[in-house]
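Look at the two complexes coming up: chain A is in both, with chain B in one and chain C in the other.
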Partner chain A sequence: MSNPVKVQPDLKFVQELQAVGGESLKKCYQCATCSVVCPLSPQDDPYPRKEMVWAQWGLKDRLVNDIDIWLCHNCGTCSDLCPRGAKPGDLLGALRNMAYRNLAAPKAIGKWMSSSKYLPLLVAIPAVLWLVIWVIRAAQLGTAFPLFEADGHSWKIAEQGAVVFGGLFPGDFTIDPIFVLTFFTMIGIFVAAVRKLLASFADLPQVYVLGQKERPGMLAAFIDTIKYEVLRNSQIEECGDDPKDAQRFKGHLLIMYSFIALMIVTGIVFVAHWGGYLLMWLGAPEGLIDFVMLTGHTPMSLVNPVKLLANLGFFAGILGLIWLTGRRMSLDKAKQGSSWYDWYLLTIIWVIFLSGFGAQVFRLMGQQFIAYPTYYVHLVAVWMLFAYLPWSKLGHLVYRTAALAYAKKIGRIPMGPRNK
Partner chain B sequence: MAEKLGVYICGGCDIAKSLDVEGLAEFVKNGRHQSLCPVVKTNSVLCSPEGKAEIEADIEAEGLDGVVVCACSPRVKWDVFEFGATQVNRVNLREQCVWTFSDDPDKENLLDSMAKDYVNMGIVYLNKSSVPEPEVEKCSETIMVLGGGFTGLNAALEVAKAGKDVVLVEKEAELGGKARDMYKSFPLTYPHTALQETGLDKLVAAVNSNDKITVKTSATLEKLHGAPGQYTALVNGEELSIGAVILATGWEPGNSKYLAPLGYGQFKNVVTTSEFEKMAKNGGIKRPSDSKAPKSVAFILDVEKFMADVDYSQRAVCEPPEELPCDENKDGEEECETFVYEDKESARHLAYSSEISSLVALKQAAYVREDPEAMAYVFYDHMMVPGVNERFYKVAQDDPGVMLSKARITSIKEGSGGSLVISAKNTLLGENVEILADMVVLPTAIVPVTAHEPTMNFDYRQGPAFPDLELFDGFADSNYICFPYETRRTGVYAAGCVRQPMPMNLAQDDAAGAALKAIQCVVSADHGVAVHPRSGDRSYPVFNFVRCTQCKRCTEECPFGALDADEKGTPMPNPTRCRRCGTCMGACPERVIGFDDYNIDQMGSAIKQVQVPDNMDEGGPRVIILACENDAYPALDMAAFRGHSWSPYVRVLPVRCLGSVNAIWVADAMSKGVDGVMLLGCKYGDDYQCHFMKGSELCNRRKENIAESLNRLGVEPERVEQYEVAIDEYDKVPGMIEDFMTNVVAKFGPNPFKGY
Partner chain C sequence: MSNNSILVVGGGFAGITAALEAAELGYEVFIVEKNPYLGGRVAQLNQYFPKLCPPSCGLEIQFQRIKKNPKVKYFTLSQVDAVSGGPGNYSVKVTKQPRHVNSRCTCCGECAKAARTEVDSEFDFETGKRKAAYTTHLFAFPARYTIDPTTCDKIELERIKDACPYDAIDLDEQPKTFDLNVGSIVWATGWKPYPLEKLTNLGAGKVANVISNMQMERLASPSGPTNGRIVRPSDGAEPKRIAFVQCAGSRDENHLNYCSYICCMASLKHVRYLRERYPEAKIVIYYIDLRTPGRYDKFKALTVDDPNLSLVKGKVAAVAEDAGKNPILTVENAVTGIKNDEQFDLVVLATGMQPSAAGEKLPAGLPVDEEGFIIGGEDKGIVAAGCAKLPLDVMKTAQSGTSAALKAIQNVVGR
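The block that comes next holds the complex of A and B.
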């Protein structure tokens, strides 16, 4: 007989969970249908029933240290089949939302990200930042909507020139430093958050698998996770088996690869641009410098392979967005809800994609009065995506990957591909 | 006596396909009862308007005083074959002769001889029957409602609404009963989601202002003398003329000693739901230790700890009639003991109250939640919220401040500052847990008032209380799922928590039901007919006192205490208490009791009509089945409807109850050479299904005496056997007959009396 566990139900915690998307959790009457039907849940100590009990009891400690919330890929099968409409899938989603809110520092941002009422504040930060730059540059250039023509490696105002975003927001002094700073700050925040996350799993039991000679190290588990769960979305593919779930799998995969494509594009431009400067500083031959600089020179020709990749990424992303948004909108609200975190992420990606593509189109059309504001919106949205990443649903990219790798390390889930 | 009979044989429903109907008519016309039967006819569809008109015309023309309808079961078309004052007997040729006939290829004319037996039995039975003429005395139609609580108030209003006078007797100084202490009730009406007011004040006002209702507070029923329609009730020394009584005395909270295992009485902050309710009603919930409002309250529904000493296997069993309270005026050697009413409360009442306890815990959790920062924990082993109350459970479940969990409570200890540590096992967490609460609330058992005291104070030969209440742990219930308000005393109808633990909406329904039963009772008494379950029956037991030996068997065995006795022990019938089961007739060794239309001679003569072949090998055996007409006989009919069949050697006779079976009938059958007698009746014992409670049980006990007599005669006692049949066991009945035919008749061979 084990020692009794002291438990103390926490009304505030239950209410907090309900507020971040688990509003139906109290309806559960513990039949365990959810754990039985879940396509991903391990056989031992399966989720989400135990999480439902913990949530009803308000056992905060257990829930915030629970690795299983990251094993769940939210297909909603449990919620669909729940006889009480308790929506266990939503509860796990809510717990993840709570993790987004609490893992990364400073927690104030987590609080702002948790509710739509703080959205104006979140938008205002980059909006003011980019507006200030815009105003300063307009003062320097004498116009807020300038047209440019090429002047060596830089731009100069020209009456009959073209819309050049880099002319108004020079990469070297504005965009690149701001984003580099933002990016690395975000990485730093993530590192701290992941350390905190992994520390919370420290008390989890290790599972010994018969016949297994040695357990995988964290690195091996991480590579395995990248290979299957990340690059193939293998778990989402297994998660749920109706057409809606297949649509979600394809949509998610498309958006993910779209982001990867756009990351490659950004990487090429960044590396080529700053690589050119580096070569110049090293005193490399003029021809090499020109070639490298030209590779990353924007705006690019539409037939430039890099530009082609960017636009391909755009269309793939839009298609993925349509599928994912369409699915989310068609969800039966009685079965599966959508939280503010879900809508925030979908919206921000929509804004980024549409404003990015819109900026390109308006630029080519030479409509500076529309092109610059659209680009401005794009900058605001992209900054929001990156700057708030550790507290947003997109944070799962990092947290889930870390948690899955850790789960493999301790044997909670197996290494390698899993049988369907 | 019906001496001019019309015999009508129907050929419909496939009867004529198997049976030579004309031949049967010829047999009656030329048979031994031809003098009794001036009219013998066949008809292809006797129940048709033409068929009925023909019978009516014959009654008119020939002056028939009896009609023998040889067609379908008496359980069907009874409304068709009804001819006013002319007596009718039904011969069940269809279900129990033709449809269920299974031929024995070695023998001839089995179906014919069966039909002839049945028709002869039917003719003789009717010939010996007379029309009962009940004497009618003037009756009081005033209904006394005992108990002025929620149920009693509703019952009084229901009776008044139906136009009868009511005397409402309440022992407290004020009306309202337990509902007076209630803060709110759990949902009683749609949508069954919110607490509601009890509405008691309005109810009391309505009763007080109703001029048909006389309210007597601070009053008790000291004695109830007489019989339904003619009761004299002694209330606070005043004699009242009463027709019938509604028993709505309700309940008392269970003895708190049973709650000691979880710290009641030891820790200040452990209270009962009953105490908690009073707190809520009178100024809010306060911890007894420091009078502060608790921030967490745990409700315990798991009664395992309280029930540790309860052993269900050692239950009260049906004992032979108890020693009767003896007559103090009687001079005899035996010393008179004073009547002692054994208290029937036990920890089991906590379990019986589980449904109410569950609802009360959910309700009181809502009281706790009136403070938005306070939490309520409900620990249950079984959350019992049947039916629509599930909706209320869901509401509690949805409240973030109400934590519900299955748990077995292992202990409750006192922590710091008067708070309590609740230890539980088998929780949903799968672990043993400890949880801290400011207060613990234990369930309140609903113990009926009748568990503690006789309440009714009947002035009856069988004593002042309801008999056998130990079977129901004191609840005034007679285990009648079909007849919920009946008690073992005709004229007294129980309603509300004195009958079973129930919420207020059901108590309200109960009050209406019992009110209607009470009214039916006074009206029936006024018309001289039975109330229940043979509603409208005009027959009543007739005593031939000349031959009575004052053995008192009938007065002791009557399940309903209908018979009082004079000083000598001569039975004094009270027809309005009687339910016409005939248990007295079955009991009487001198055979002095009978009904005009159901008596010893009538049944015995019918049995003797069975033609028993002298040689069993040639003609086959014969077996008489005496079947209880309430369950066994319909089961046989249903078996017929479902295509079952049974031995062609049995002859079925319906009886009112196995309790009415007199040993002489078995002797009659045996002396005729019948090879066996099957007694088909209801289940008896603690969970009896007998319509007359004790009938099948008494029959079983008497059977042992019969066996003794048979042994003396050299007849194997196994030839008489009693079987228990429920009405829905039609699929088993043919098997029972088969079993009797092979294991008794075939085994023991022919009755040694055969051929005498």
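The block that comes next holds the complex of A and C.
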């Protein structure tokens, strides 16, 4: 050969990949069926055939800087039709799992999130945190399972009172500070991780489309991604064409909108509550302050539109969860595997939804001995979802959005709606 | 009571060879063949390896040997229902379906002229038609017509019968069941082409101008439905751009989880058929690996020295069709990394060999692997030969027939 290329395989990397879900990659014989049957893969340098050979050869540099792992939405069509059972879909999933593990700092959490054996540790952190608060509050109130009645804007212990979570875990100095701190720390971690992700794409070739006047800027590409890929799940809709894939699309959309609904509910409560304090501090009229505070006052009546939205979100989310979990459980394991990342995310969302709804039901039933522990589980699970988000599969919300926007910017995928 | 005769199940190249080798050593041999003719898959080919002979050539010699050897008896349209007993003393139940044509037939063809209703010809893999009275091919052996009464109504059948000048047609003939006592059995039931319908991402047999390699053989055959003109099934037009899709179902755990051995060579052979007829036609072979075992590599070298032939590494995984019924193949060229849709006039799928017995329970408890290939039975006095055992070319099939004959003789000798 006139131009020999010496391949420097990173064997440890191949083993790592096999460990996180790409175990059958060595079976691939490069027939390229996968690249053809993929409903999303572009014409030039389609995936996942090239990723299979890179992985077999241990070409770590190519794989960790590969934007295509985020273009894949894991319908599994490639693995279904793979003549060798080499599961290219699982390889791309494994590469995304590696990204969840390595993109965000500190990497120690990435390691803990990568295997079920660290789960007790991950649970223990919020479990201890909320337990300490519970114990301190129990000492202050004289009981761990208090009942309350209203006393102006606050709560006081009452024998014949009701279960009030805000009485045991006051928002002002327990829930809100902890979650606000957690949330913004997470945002900060994401900012750094996304910068790292985008920097890894820096060497990717730019695609020039004939007749295209100008290349979209990152902002335009980002807005376009939010509009189609995020809010409409347009890529998942195109991804795969059997009934199970349609079920996945609907399930994903439902859970996503369920989260958006719950985010709006939380936002209203938070803004109204702290907005009330702000108005007080500004010396706004009493009536306005009362109105704003009342809007965010919890517990809410079941017919309060905000509460209705929350419960609607719950039922939509549960339906989505049933579809997604059902699909994942029915996957043919010979064709498509499920990793710890998949199960962790599904489980944590199940726990959040069931404990959240359960806490509401037990509260209304006045069962303080079940209601408070259920609420405690809810706090632990919600904290885990947010605090560990950059290292979890849910991190795709940020990483995939960033990668897709970048892919649009460099012309790897087109702007605007995709034609089926 | 021990018995020295040998039963050969399947009258294709392996079975005929095994039967003749044993008979010429003095053993009585029975051939049981499912089809109305002997010669099996080879009879359906245009030319066969290694020397690209027409099948009439090689088979004619075998048929002469059969005719001249009183030790060979054959039953066409017959199948083995059950095998009992053991080595040296088998009792085999055979059912023979009626041909409705007796030995007075001279192949004058008057019966076929009288017949009108046409159905797809199984022998031609639906590339041609046959009638209720038919012969499958010119050199069919035994040279005798067959009547298929399910093809047409009673009135037409009577007209066919009346047309025969030799009173050779017996519409009342019934299936016959009889027992054969033999000492050893050769199982040479051969192969069947993997069904196109199962290749869902390659058009599932529904795209008019996507044919199988065996259909290509029939089109190329001078005695085939088009008299050897290789044309598009949809409109009879001469193709200018032809593609071959290798491993259509082979080396694929969703279909046939093994290499069918000869399809790469078959496609290269088809390139020669095409080149003879269309010197300017553009031909593309899409492959995973071109497998050209042994001396076939030379054949490949000679064939691919052709500026109008290109070899593209990449398996075709999607087939569509445009308004002009031109097949459109989607394939990623694994060398350049570009995925493209390519339009052709005619596409040939190199479908693989599936053992004929796949999915069936074999008599006498013959052990088969998960694909249906026979993997034993010699301890029971039953010897597998030819493509019932593994995918082979004709040359190796003949060798395996000879070897099976020897083993079968060893089973009966000295008993």
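Annotations for the structure displayed:
The working rule: the second predicted complex is superposed on the first by the 414 of 420 C-alpha atoms of A that agree within 3 Å, B and C clash if a C-alpha of one lies under 4 Å from a C-alpha of the other, contacts with A are read in each partner's own complex, and residues count from 1 in each chain.
Here, a residue touches a chain if its C-beta (ideal position, glycine included) is under 8 Å from a C-beta of that chain, and two chains touch if they have at least 3 such contacts.
For clarity, every value in this text was computed on a predicted model and none was experimentally measured.
After overlaying the two complexes on the shared chain, residue contacts for A:8 are found with chain B alone; chain C is out of touch.
Of the two partner chains placed around the shared chain by superposition, chain C is the only one that A:81 touches, whereas chain B remains out of contact. In the superposed model, A:44 makes contact with chain C only, not with chain B. In the superposed pair of complexes, A:30 makes contact with chain B and with chain C alike. In the superposed model, A:160 makes contact with neither chain B nor chain C. When both complexes are aligned on chain A by C-alpha atoms, chain A residues 29-30, 50 touch chain B in the first and chain C in the second. Those residues of chain A that touch chain C in the shared complex are 29-37, 41-46, 49-50, 80-81, 83-85.
Residues 296, 373, 375, 377, 394, 397-401, 403-406, 423, 428-429, 431-436 of chain B are the ones that touch chain A when the two sit in their complex. For chain A in complex with chain B, the residues that touch the partner chain are 1-9, 11, 14-15, 18, 26-27, 29-30, 50, 53-54, 56-58. Those residues of chain C lying in contact with chain A across their complex are 201, 247, 251-255, 288-289, 313-318, 330-334, 337-340.
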